[in-house]
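Dropping a structure here in structure tokens format, bear with me for questions.
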Amino acid sequence: MRTSLQKKTRIYMAVGFSLLAVILVAFVISLTHLYVYDPNSTNAAAKLLPPSSDHLFGTDNLGRDVFARCMEASKYTLLVSFCGVFIAFVLGTLLGMPAGYFGGITDKFIMLISNSVMCFPGILLALVAVAVFGPSLFNVVWALGLVFAPTFARVYRTGVIGLSSKEYILHAKVLKVNPMRIMLLHIFPNLVPQLLPAVVIGLANMTLFESGMSYLGLGVQPPHASYGKMLADAQSYMTMAPWLIVFPALLLVIYVLGLYFLSEAARLSFGGERR
Amino acid sequence: MEQAKYIGKRLVELFLTLLVVSFLTFAAFSIIPGDTASVMLGPNATAEQLSALRSQLGLDLPMSVRYLEWLKGAFTGDLGNSYAYSQPVISLITDRLPVTIGMSILSLLMVLLISYPMAILSGRRPGSLSDNTLSVFGHVLFALPPFVLSMLIITLASAAFGIYSVGRYVKPSSDFFGYLGCLLLPSFCIALPKIAMTFKFLRASIIEEKASDYVRTSKSHGLSDVSIMFRHILPNSTVSTITVISLVLSDILGGSLIVEQVFNLPGLGRLLLAAISRRDFPLLSGMVFYLALITVLLYFAADIVSALIDPRMRNNREGTL
Amino acid sequence: MKNISAKLISGLLVLGLSVGLISCAKKGGENVDPSLYGGDAVVGITQEPSVFDPHTVVAAGDKEILFNVFEGLYKFDSEGKLNPCLATDVEISDDASVYTFTIREGVKFHNGNDMTIDDVIYSLNRAKELVPDLAGISEVKALDDGRVEVTLSSPNSELLSYFTVAIIPDEVEDINATPIGTGPFKFESYDIGQSVVLTKNEDYWQEDLPYLDSVTFKICADMDAGFIELQSGSIDIFPYLTMDKANELDTNEFTIQSKGSNMVQIFALNNAVAPFDDIRVREAINYAINRDDIITLTMDGAGLPLTTAMSPVMGDAYDTSLDGTFDQDIETAKNLLAEAGYPDGFDMTITVPSNYIIHVNTAIALADQLSQVGINATIEQVDWATWLDDTYTNTNYESTVIALTSNYAPYDVIARYQTGADGNFINYSNPEFDEIIAQIPLTTDEGEKMELYHDLLAILTEDAASCYLQDPYSTVAVSNRLEGYELYPMYVQDMSTVHLAQQ
Amino acid sequence: MNIAEIRNLSMSIYSGKGVPALILDDLNFHIREGEILGLIGNSGSGKSMTAMTIAGLLPESAQVTSGSIEIDGKDVLKLSAGERRKLLGEEIGMIFQDPMTALDPLETVGKNLDEILRIRNIPKEERKSRIISMLETVGFIEPERIYRSYPHQISGGQRQRVLIAGAALLKPKLLIADEPTSSLDTVTTVSILKLLKDICIEMHMTILFISHDLSVVNNFCDRVMVMKDGKIIDSDNTEDILHNPKNAFTAELLTKAKLDPRSLGLEFSEVDPSGSPVLKVMDIATAYRDGFFGRQRAKNTIEGISFDLYPGEVMGLIGSSGCGKTTLAKTICGLLKPTGGNIDHCSGKVGVVFQDPVSCLNPMHTIRWHLNEPLVAAGIKLTKEEREKKILEAIKAVGLEEKHLSRYPGRLSGGQRQRAAIAMCLILEPSVMIADEPFSSLDASSAASILKLLSKINRERKTSILLISHNLRVVRTMCRRVLVMSRGHVVEEGMTEEVLKSPKASATKALIDAERQLS
């Protein structure tokens, strides 16, 4: 039983990392400008060309190289998902840790606020925030960070409450260790098993949200490429130029799938089948 | 008695949450840069016109008074008129509600009707071929954004087979089954990733419950595996999955906003985007509040359901809210 | 929210397109085939209608529907010509300050009442208050035997096209709620987010028209959605196609019509803001861009390149000698920039309304082309309301891309470039231009007037007022189950001539 | 006559592609009708698997490779799955270790038991009356109320009774009891064992009793078998096993199980009861509050507790589980705020050692970090060298070595962890140490060394100790005075000798009785 679990973990990890490797390669390419085509360069003579050795993923309706654009999109996807998760994580820490640790009225108050935020369907909150403050990368990132913060707060709170009854935490309290120190040095390291899968899955969900917002035109702004926007633009050419849909969709799914497998691996290696 | 107390306690929390939700909505639309009156009147308005409109709209009153007014309006269904449509916000919303709600309910049904059998099949023998296949399948579904799925399905269904016409919508009052038919595919697109999610949690929960002591007790009482699954494991797994299901519900509601856009259905999603592009704040705040209200009530319902199933819930455990 | 058609923009930019009806005797006539009558048609539209009052309507999407419901004294036909409609004749005084219309008899409103002189006077007086272009009317009065005399406060030989403004019954209080006109179709219902339904006007004054029993304007989320509905057969006429979409359609099932739409897509440079206050910079930008590439990229080649503020579809008023003035010339552009003090280019922002994909795409192509001369353009997408407010009305922008539509009248097209004019959002100002344009309303000789138009266009081009890009074709697909659809060089859907195809 | 005959029974568990693990190795034994047969062994020795094999409740990965199991003359291994299931409940009843979770929490007690009769198609009214009468048999005074209660509303001992009622409902010939008392306190353990014995006689049942704890076997089992690594290595009647073990392993088990503090020769510090106390507890009360409305929860609440602790004194605190011992400890060391009364630490420090050696140290940090933490918390400014010296001193004082400092808790044994926890407590040189069941999870030899350590600390440093324990023998040897708690109150207090010799309160009497039963 145990060995098969380890094997499963290893398989999940391997699959996850190899899928993510694809995106990382794309990211590196976009950073190094290794590829001949500029993602934003239009070309009237090269409209809607199917994939060929010249244009690996073909070209779009403005004659832009889809491969170059996919590479660029990976950059924004990584940027948004990592920054967004970072903000959500920090906010979640600030909310969830004290809530779980102090309990009582602090907990009630913080959870009331964070639960109330959770009552707004996430995408709605992000959409409205971006709509109101204007669609820009920065706004997308903080709006998504805000939307995801309660999720992390919950993971924290549950984790902290679980740990609070552990004797080593009680002992620290008896020793009158500073609460900040207890939270950060005593509790935090022990929450890693719960936090790591949550972070990885958060990255995946963030990516899905970002692509959804970009699809609706409220995410990454043109001319910059993002998977959601590329797909939205490609919808008009669904039958005419399917490569416009296939490649961005594939890369998007690969990234998210890689993250899911990784989070599953993290979950299995820390906690086994039990949640 | 215990039940009534529990429900009472939850009601208090529901009330508090609604208060915070309504305040957040109100505050968010109050701190927005830009003056509502000048947006409405346009750039050529005189100062007198502006102040007249402000007092007509009650914008000159202190924030707390406006909040109470707004709150009263929100609960009596009077949120004023939309800037863009010059119609009462509430009627605009109720007009679109059948699409969004219909899709959400259909999706939820699909999620339940598909994920349960999948999870039972999978959790019955973890590690078996059928379990591994379903699990991998679930992961892939999980990673598919609903709008990509929708594009895929539309391409397949309408372009290749010509069986589905995008944008077809029949009102439930005129042809109920036609209405359901129109919503079937989009609901499926929303449901699919959520099926994967529910399946994953339910499966984990079934596997966990299977190893629990009361299952062993029931076995020692001579019960067959099948009746143990249905009488003990499933209800217990449902209790721990119900939080996930209520989260799924809120995701479904959000997902329908995007998917109805791809399918060109006249639901709240389209109204929302229209309101966003026209900066129609009364309409926006109304939609945001009512969607949140629906979610709050769904969470409440989830709490009540789990309290009905789980007697422990009624006296000590934390609810979703 | 992605409206591919630039036409949608027209709405608020139009100085007042009104509605009229063609009287023309060329339609209808003696040999009426009864089998042509009956049936229904569905037209796809991509904009939610909002206003049904013909005097306050501004959105092009509303006007295209109302064209079938309301008519004016005069009415445009599909060639862009003005024909008598509810009037049978007009007499214009020599100084162009008095217009005398003879009112047609036997016209009935949709509510069954006869159209009287009082209705005409009521309508013109109402329009005078609500339509800015008719504000020059000082008096409307009935003469004897069914004639109406309109006196202007100042002479204007260019006003006839504005008498296409709708004539409405004087007894209807809220025309927006109960749109009653004299047009070939009656307003039946509006279902928000769904459709507008019009039904046949049995008492239409042109006895043979219309053919169809009803017309439904079905609201589609966007061009793609409409296209799919077109293919699936739930829409018969779809006027917002791009060329490459149109090419995808089966010619056995659909007929494609395409023509210039009297629309001017402009890369507007705010003349009041540095560095665009420097003519050399504006010229450099004009030379830096490639209009043909833009047309290929954004319209699949379905557009007429422009170097000046008017589309060639305007006919005689357009000056063909200006063609090719700004053919792409990177070297010249670079030199001009260096002269202006920007040898390494500069940073600029292109503000575009996000709901118009064509303009967003144009901006993307422009940004790319400008990078060749060292100009680094950032694209800022804003929503339509913000664009109208900040960019158009308050001219708080550096550059923008938009399409200008106007009444099918040359004066209407270029009047906006007068110093301080309402629609002069590029803040263009040239005293010579102002002087020449002031003469036009006073000139009654057609030839002379055309010369003046040519001079005005030349000035705009010389000053490189902005970059004029193209007149995008409007492309319409019509199901082959229908016949008789005529594409206008302006933004209307005339359903009166449409009928079922002969089997 | 034998009720069960097990011959040459071998069983293996298959996992993945690896070699199957041999769990049961050629077992041969029989169970005589009417006897109570004890099956003793460490965890992982295969004793539970033996029970599951007999009952036919093995996991899917397990397979019987050879042998036969005859119950009442039938070879059950040759029966079909359905027939075997039918045996359960009718021929074989089972009860398990952890009564906390052994009942479906979503159903009432009645419903939980009802299924046994329901699947055997017994009419509804008869089902209920049979269950009620069985609940009465297992000692419930209000069987109707228990029938309607949910499992979480009754105590652990009551749940175990319910399970016994379920197992005995169909009057099976063989009752397999798998560690039925391991998670119960001593008083409850004694009552459950008594119940099992009564039922055994009353219903003519045979019991296979499985336990890791030799102490419960006494006075209960007729015969005992000892298992190790899947084999039965010793088998004899109870008297002989306990007093004259022939097998070396059995002897080892016995010494490990038997903690005899008297033999350790512990010495304690002198106490001067006229001196000023180091800890004064005056009339304190602590209540848990619950929920929005702040309703009080009766459980674990303490009230009106007063005592003084003198320098160098070791005081015992005893009581059955749920009596409020731990609440009192937590209140004294400041984890809970008393709702009334006063605690005076008399300017000394209070250290605390908890029960569970697994969770007493933070798994993410080294022992050195653990020892440094109290110094940091107390704000003691020290140079690096001084600090290191202090840490080294503390770790040596509890009998660990320098090399342990850089280890993580996961790499230490239970006894070592408990020592490290004591070192953490000692480093601040407290005047009072509260030790909450510091050795109840340790085996006898580790517990003995912790006892020695505590006495050494008391002797050498004059540290007062408040020892919370359920083990009366330990309390008897270690403590000068003793407090007895029951339902949140101190019901008896005095010099240990006197209190334990002539108990006055009924709670004290019950504790002493249970101790005697299980010795």
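Labels for the chains are A, B, C and D, by order of writing; each one numbers its residues from 1.
Please note the rule applied: contacts are C-beta pairs under 8 Å (C-beta built on N, C-alpha and C of every residue); 3 or more make two chains touch, one makes a residue touch a chain.
Small disclaimer: the values here were computed from a predicted structure and weren't measured.
The largest tally of C-beta contacts between two chains is found for A-B.
Most remote chain with respect to chain B, judged by CA-atom centres, is D. In terms of their C-alpha centroids, the spacing between chain B and chain D amounts to 47 Å.
A separation of 89 Å divides the Cα centre of chain C from that of chain D. Each chain gets one centre point, the mean of its Cα atoms, and the points for chain A and chain B are 21 Å apart.
Residue positions 4, 131, 235, 238-239 of chain A are each in touch with at least two other chains. Multi-chain contact residues of chain B (touching two or more other chains) are listed as 13, 154, 261, 273, 276-277.
Among the residues of chain D, those in touch with two or more other chains are 292.
By the contact rule set out at the top, the touching chain pairs are A-B, A-C, A-D, B-C, B-D. Contact residues of chain B toward chain D in the complex are 9, 12-13, 125, 212-214, 216-224, 227, 231-232, 235-236, 239, 309-312, 316. By the touch rule above, chain D contacts chain A in their complex via residues 15-16, 18, 61, 292, 330, 333-335, 350-352, 354-356, 359-365, 373-374, 376-378, 421, 424, 428. If you check the complex, the residues on chain C that touch chain B are 1, 48, 50, 192-194, 220-222, 225-226, 228-229, 231-234, 354-355, 383-386, 389, 393-394.
Of all residues in chain A, those touching chain C in their complex are 40-42, 44, 47-48, 61-63, 131, 134-135, 217, 221-223, 232-233, 235-240.
For chain A in complex with chain B, the residues that touch the partner chain are 4, 112-113, 115-125, 127-129, 131-132, 204, 208, 211-212, 215-216, 218, 228, 231, 235, 238-239, 245, 249, 252-253, 256-257, 260-261, 264, 273-275.
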